[in-house]
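See below for the structure under consideration.
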Amino acid sequence: MASTFPQPLDAALVPRFAGLPTFMRLPAVTNFSDVDVALVGVPWDGGTTNRAGARHGPREIRNMSSLMRKVHHVSRIAPYDLLRVGDVGDAPVNPIDLLDCLKQIEQFYASIFRAGVIPISAGGDHLVTLPIFRAIAKERPVGMVHFDAHSDTNDTYFGNNPYTHGTPFRRAIEEGLLDPKRTVQIGIRGSVYSAEDLDFAEAAGIRVIHMEEFADLGVAATIAEARRVVGTEPTYVSFDVDALDPSFAPGTGTPEIGGITTLEAQHMVRGLRGLNLIGADVVEVAPPFDQGGSTALVGATMMFELLCVIAEAHAQRRTIGAERSASVE
Amino acid sequence: MASTFPQPLDAALVPRFAGLPTFMRLPAVTNFSDVDVALVGVPWDGGTTNRAGARHGPREIRNMSSLMRKVHHVSRIAPYDLLRVGDVGDAPVNPIDLLDCLKQIEQFYASIFRAGVIPISAGGDHLVTLPIFRAIAKERPVGMVHFDAHSDTNDTYFGNNPYTHGTPFRRAIEEGLLDPKRTVQIGIRGSVYSAEDLDFAEAAGIRVIHMEEFADLGVAATIAEARRVVGTEPTYVSFDVDALDPSFAPGTGTPEIGGITTLEAQHMVRGLRGLNLIGADVVEVAPPFDQGGSTALVGATMMFELLCVIAEAHAQRRTIGAERSASVE
Amino acid sequence: MASTFPQPLDAALVPRFAGLPTFMRLPAVTNFSDVDVALVGVPWDGGTTNRAGARHGPREIRNMSSLMRKVHHVSRIAPYDLLRVGDVGDAPVNPIDLLDCLKQIEQFYASIFRAGVIPISAGGDHLVTLPIFRAIAKERPVGMVHFDAHSDTNDTYFGNNPYTHGTPFRRAIEEGLLDPKRTVQIGIRGSVYSAEDLDFAEAAGIRVIHMEEFADLGVAATIAEARRVVGTEPTYVSFDVDALDPSFAPGTGTPEIGGITTLEAQHMVRGLRGLNLIGADVVEVAPPFDQGGSTALVGATMMFELLCVIAEAHAQRRTIGAERSASVE
Amino acid sequence: MASTFPQPLDAALVPRFAGLPTFMRLPAVTNFSDVDVALVGVPWDGGTTNRAGARHGPREIRNMSSLMRKVHHVSRIAPYDLLRVGDVGDAPVNPIDLLDCLKQIEQFYASIFRAGVIPISAGGDHLVTLPIFRAIAKERPVGMVHFDAHSDTNDTYFGNNPYTHGTPFRRAIEEGLLDPKRTVQIGIRGSVYSAEDLDFAEAAGIRVIHMEEFADLGVAATIAEARRVVGTEPTYVSFDVDALDPSFAPGTGTPEIGGITTLEAQHMVRGLRGLNLIGADVVEVAPPFDQGGSTALVGATMMFELLCVIAEAHAQRRTIGAERSASVE
Amino acid sequence: MASTFPQPLDAALVPRFAGLPTFMRLPAVTNFSDVDVALVGVPWDGGTTNRAGARHGPREIRNMSSLMRKVHHVSRIAPYDLLRVGDVGDAPVNPIDLLDCLKQIEQFYASIFRAGVIPISAGGDHLVTLPIFRAIAKERPVGMVHFDAHSDTNDTYFGNNPYTHGTPFRRAIEEGLLDPKRTVQIGIRGSVYSAEDLDFAEAAGIRVIHMEEFADLGVAATIAEARRVVGTEPTYVSFDVDALDPSFAPGTGTPEIGGITTLEAQHMVRGLRGLNLIGADVVEVAPPFDQGGSTALVGATMMFELLCVIAEAHAQRRTIGAERSASVE
Amino acid sequence: MASTFPQPLDAALVPRFAGLPTFMRLPAVTNFSDVDVALVGVPWDGGTTNRAGARHGPREIRNMSSLMRKVHHVSRIAPYDLLRVGDVGDAPVNPIDLLDCLKQIEQFYASIFRAGVIPISAGGDHLVTLPIFRAIAKERPVGMVHFDAHSDTNDTYFGNNPYTHGTPFRRAIEEGLLDPKRTVQIGIRGSVYSAEDLDFAEAAGIRVIHMEEFADLGVAATIAEARRVVGTEPTYVSFDVDALDPSFAPGTGTPEIGGITTLEAQHMVRGLRGLNLIGADVVEVAPPFDQGGSTALVGATMMFELLCVIAEAHAQRRTIGAERSASVE
């Protein structure tokens, strides 16, 4: 049956530079019900307070995803044999009107959610995660594994504006979409506006693993801690590329030196196998500040890493579900 | 008395790469009443519908303005001997809230206007001209010499949003700030959304000189026509760098091939000597899309060209005024 | 009925940075019979003797074609109202095996040709025109308006290799695909290997308009001469971006300084209105050597210019045909 | 009283891309006595033997320092609450006359020194440290923590020229400005001209920690060793960005692969807390060879790291001094 | 006698930016018998399946090798005092005809081999190693230490083409040139086309050390394992720069994130001291995708690292040989 | 006999990306007497007052000169059949000591001059022309056709320093090396430090053709005027790439917008046929500020254009000389 699942173009037949650059060279899908996992672009950076450009992220991530192949080299997960995966295109956006755009993104994801599809998204700045949460966590708050240089739990900017890419998770907690006690932030660093900047996060119960603690703990212990925090309940993974050191991901709006390496990031994502993952995103890839597509390549690879982990867990759940149904009968 | 006028740093004493990059290496001025002409930055691109980045324009134009010297090589105008010119910094902006930002910019320019100071501004995207007009043309509509690839008289975008960098001059006409009959647009070109796109401009009475007509007319006839259109009444000059061919100005959001050359642009600005110029801007320099600062250099040079023309005219008006006062006595 | 023709995405609804970058943001079409004009990519540079990279041309031209709109600003031609136009994807290519690739490209275009569809192609290096000719000019040789810095009528390279991007038109003439007497080359320049380099072209009867002659003649006389040469018979337009000066088109494998401007090129293509055009290509856009996409933007714009001219002529022919059919009945 | 200390512009009011780019967005100060710590630019690369460009370092470091905030995220040091810090502009330089320039820089720093102000400087190439030492170490030699890929203790170049960026510390030792026994060099690596290249440094008693030894020791042991070497006497910190691997700091004149990471560098600078630091510099940021400002961002961040350590130590000394004065009374 | 060996230009007399950029600034040599070690360029990327450009590798590696000096800073090996080393220029190549080119390269290296000279080569894509093996391993298969992100043991591409940069080592094993049991691959990673992709390598007996195993083992254990595998028999070292993380080596055709660092690579090459090395190459440096020459600098440095190890071992063998001869007499 | 003249590598045998990049791919020559025309590099920018980098000019011009072929496409001049031309390498330079460097360059050119060889040089900044003049114009002053944006006849900088790239021709006139009455400057433009800046040039009798006058005159009249000024006496051609508009030559230290095109420049150089040319240079190509080698390509092409004109004139003089000798006998 797997043979009928959508497959990427075969690079030994169609060179990687040929063809329309969909995510992973998968078919472009217009009907959500045709897939189990939807790869989605959210080309919007309306929440960016300094260096915009993440609006161009989905296109360049799609381009560089041409370099991805079909099977994970470590886990041997073959996501396209496990599930139906497709590129469902971009969420509708509005580069001029922030509130309207938040609403449009939310509605788009609500449709995905209603179709029972897991979204893996390419931002866009980090504010895009808020309307995604509004769509998929309305009924009950999600937990989150959050890779980032910044906590993104500031309050307001520029005269009490509550919605920027520095504020989504304070809003999500306030709105009951994100469970701070089941949230872990990894890689946080960089100078802060005031010593109180992280008070909200900590008071709310978020487990903040600063870069310095991560350097001490190492990958394995960090992942163990992350798994402990999020537990077995529904969990979202949000990967801001500025979690990475700028030498790995220069193309981003708010780079902070002294970050994690791509290899560490890959190991951490692989460490999420078996969690109850209901969605993920890779955000803040800003092509106008990128160097030769290197950040877009990182973005594409992290999407593939996330896809493998999610596909495996999803397929297992389904198998278990099927077995249960069968055993019930 | 000229000796007390602010002067740029002397490049034979302080190398051009040294010192804070104010516009033209002039003193930073905080009190509007200390200058006759204010060089202003408007670091905002909230009206940009596609490739943002003009928010970074003022900083890079300031950088490249280090290459400017003190006297115009053709006209021999020495603006800093004629008038007090200074860098008054940036207008306050809000990258998140469009309407708030329009208001803040307007208020800043209203203060400049009340101080009797002529502003020469570096954008920012072209929407910034609208709040400038609201500040300086409230009492009576201005005429305009407008260099651009686009008429910027579209109506709405993305669901009836009236304020984008494609709409400022329709709004300005509707608000009675811009006199379309005293407006000339030079360099208009590029494919259009529909054959009706330019109907508003033409119906309103704007004199649109498409690139193709400009190529036929040549510089001298174009300038003659522009002078005829704007006449002797108060006139504003708005220079969108995308009027230039992208080979001269790659760093802009909406490039259109087949544009005018910098030499043609310089000749046309020089052709505005003696007009009743009350302000000018250079907009749409978008550094993230620039190549080695070339567009910022063009922006800085066009600001200097505009400054020379404005300084001469302003000094003449003042002299005439002084003579009139004297003869009255 | 025009309302059912495929239309580009509306940039006032879906921003230009959003969505899959098909040519002109048109629908991706898989069935040739669904279009009258096919926009095709040929991502192959196997004939390149020095700086490869044109294999990446179609993808980047598609990207920058997002900046195109729907109606020509001078001619007012609205191609998508006249004809069915679509992006039919890329010809199959083989980056390792030159002869196999020539065959695959030929077969792809033969299918297009059999469907009665006019191809407008984005290369690829200039060798791609040869298999296109083999597909569409098998029955009778075509004439050609050829914009280029190089005549591309050399004989062999690297030990008698007959197929490189410096030889396609000698081969095409030898194979009876191209009528040299109905061929005009515009913009030829640059140092040559030997004084005899252009002997073949001239002996064959090609009308070679060197850059220097073009500079003397000007656009209008050059176009008049081109029209005289190709006459009313079926004619192909091949636009090598190195015809342009490298300041306009840096992203190409064999740049030659002292070339034509984009405005001149646009005027010349517009001058081809009404000719019996059966196909066109834009070749030698090499993104690894490009600067910020400027050459890809030129490529996309020239494709749009060619599309407008071809659409108008094609629609006229059809109308005439229809009228004739009608009058016959 | 802290409330009267100069503060950076508030990024939640004035976006980081707005305003003149002073170091850390602090006020530009013209009177040395207004500050306790002076941030200084030295835009000069007259000692560069190969790839010049560090003359442009201060301007670009100022630009990227817009990304710095106010409080250190690990140490919670808030330097602007502890001390008066300001941007005192650039030292006077002469790009044509090396000896004159050395003299001018020395005089500028002598004035800073006489005012009792601690300088933290942005070079410029590494030769700029020599005139700084001449100004501040005339009375007694300083110790130094020196991060670099090169020992910079060569003798002469190009026909007995004693002053290049490869020789400052041999000169400083010869002139009695630098105490080699209290000097530690960290990160030294790269092929050498001859096996004797490091003999001077070792014979003089410098503690040279090659990259390879650093990789073995790790950050903590390296810092312990550095603290042991410099002891409690007055110490200067000189940070050449080529100590870092070129993947972190490509914009420099003499890159050597296999260097330290930014995170390691940050940890080491943080390890200098409590030392008797009397000045510091960050040198060899060469913007023409940089990639998207990444090296300038590193330079700005390292300046902030140094500032935090120096501010804390300086404030402590002052408190202790005040307490002593008080207890004496 | 060492004094008569060829030496690099002295950078303290002739600046590094001056002079023709031969490898390491050594003399250009035309007679193979004048050297013991030949530095060779192979400017060819005819086997590249996606992003070509490695054909420009030798020229840019030569450029950046100007930054190399004469003595290794750790091992103190002074290769130019031990052996005669020279730049013998580029192998003849054919960018159009793959099979002809393989033959030409083979013949060139056969001449080098017959002259008893050890080649250290700069590619070119990885297919160039195959004809080198055909020249130097005809008589008996070599062992190999292979640094790479990819095993390069795929079978065919694009319709049964056996020769691409993804297949050289399967061909070499099939042709009896490479002993898989004496072959170790280090750094292998990245998604694969199918789970069976590495079956050939493992079935053949290659010791594959994936990136993940390398991260666990560390440098020392990896090198110990590599030495165990290749033993004391003749061994070749092939260094594909994509073994490195793209942050260190962005300029390559098939980057895979999560790779090894340059420092690790240097340590591993240094760990090969004393092996029976008969040749080496550094391949896949693709300048059109490089950033400011950083990958070419890595390539040049790795060539120098390899040269030092090979020179030492070769000189030792010769000394031993001479001693043996002497003792025999 | 021509067959024994040195020839460039044949690009149909050795691809242009292969081989050492000598000027025009000619043999590297060490004995001046082996050539009639010497192509020389002068990698020095010690006179640069702002953006250094021209020291890297010769290397990159050599690189891009790989794109030159053997015969001029308009004049059909085949320089390598007329004369012996070779790459004699770089003049010795000193990046640290200006006066020493001026002396070394002078001595190098004095040797060339004594050997009766015509030098065509690639700078370096424009100060390099002064020591060339000291070598070749000692006996009698030369005339000059000077393409530049700047007159380069300023007096002193930075505290009475007489030698910068802004002063060479004032010095040359003062030293009696350059005949101002036989000097024409073409393309002069850009803002000036004071209205008196050009007084020296004009008072000395230089014919200054500002950009604006050139635009009026056109190429033909400008060349006629230049020929009138320099007459039939020995004349030098100095081509500063900043004469060109920065869109054609971005890689230069002091760009001024509104410059001449490459096509105009080529036509003007071709207009110098038959003059008594004794040397030429192309200066101020600054690769760190270049874009993809475009300025270096311009530099290489202008050297080829100059070579053709000089070779023809030189060969004619020799023929005439030989005929005269013959007729005397």
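Quick notes
Per-chain residue numbering starts at 1, and chain names A, B, C, D, E and F are given in the order in which the chains are listed.
The rule we apply is simple: a residue touches a chain if its C-beta (ideal position, glycine included) is under 8 Å from a C-beta of that chain, and two chains touch if they have at least 3 such contacts.
Just so we're clear, the structure is a prediction, and the values are computed from it rather than from any experiment.
Over half of the residue-numbered contact pairs of A-C are shared by just one pair in B-C, D-E or E-F, which is E-F.
Taking the mean of the C-alpha atoms as each chain's centre, chain B and chain D sit 41 Å apart. One finds 42 Å separating the Cα centroids of chain D and chain F. Measuring from the averaged C-alpha position of chain A to that of chain F gives a distance of 57 Å. The set of chain A residues touching two or more other chains comprises 15, 17, 49-51, 55-56, 95, 157-159, 245, 247, 289, 291.
Judged by the touch criterion defined above, the protein chains form a pattern that is neither an open path, a ring nor a star, and not fully connected either. Taken pair by pair, the chains that touch are A-B, A-C, A-D, A-E, B-C, B-D, B-F, C-E, C-F, D-E, D-F, E-F. Considering their complex, residues 14-15, 17-22, 28, 41, 43, 55-56, 58-59, 62-63, 87, 89-90, 92-93, 95 of chain A touch chain C.
Residue ranges on chain E touching chain C, taken from their complex, read 45-53, 55-56, 94-98, 100, 157-159, 161, 163-164, 288-289. By the touch rule above, chain C contacts chain B in their complex via residues 10-13, 15-17, 67-74, 76, 78, 245, 247-248, 261-263, 266-267, 291-292, 294, 297-298, 301, 304. Every residue of chain D that touches chain E in the complex is listed here, in rising order: 49-51, 156-159, 188-195, 197, 210-212, 215, 245-247, 250-251, 254-259, 289-291.
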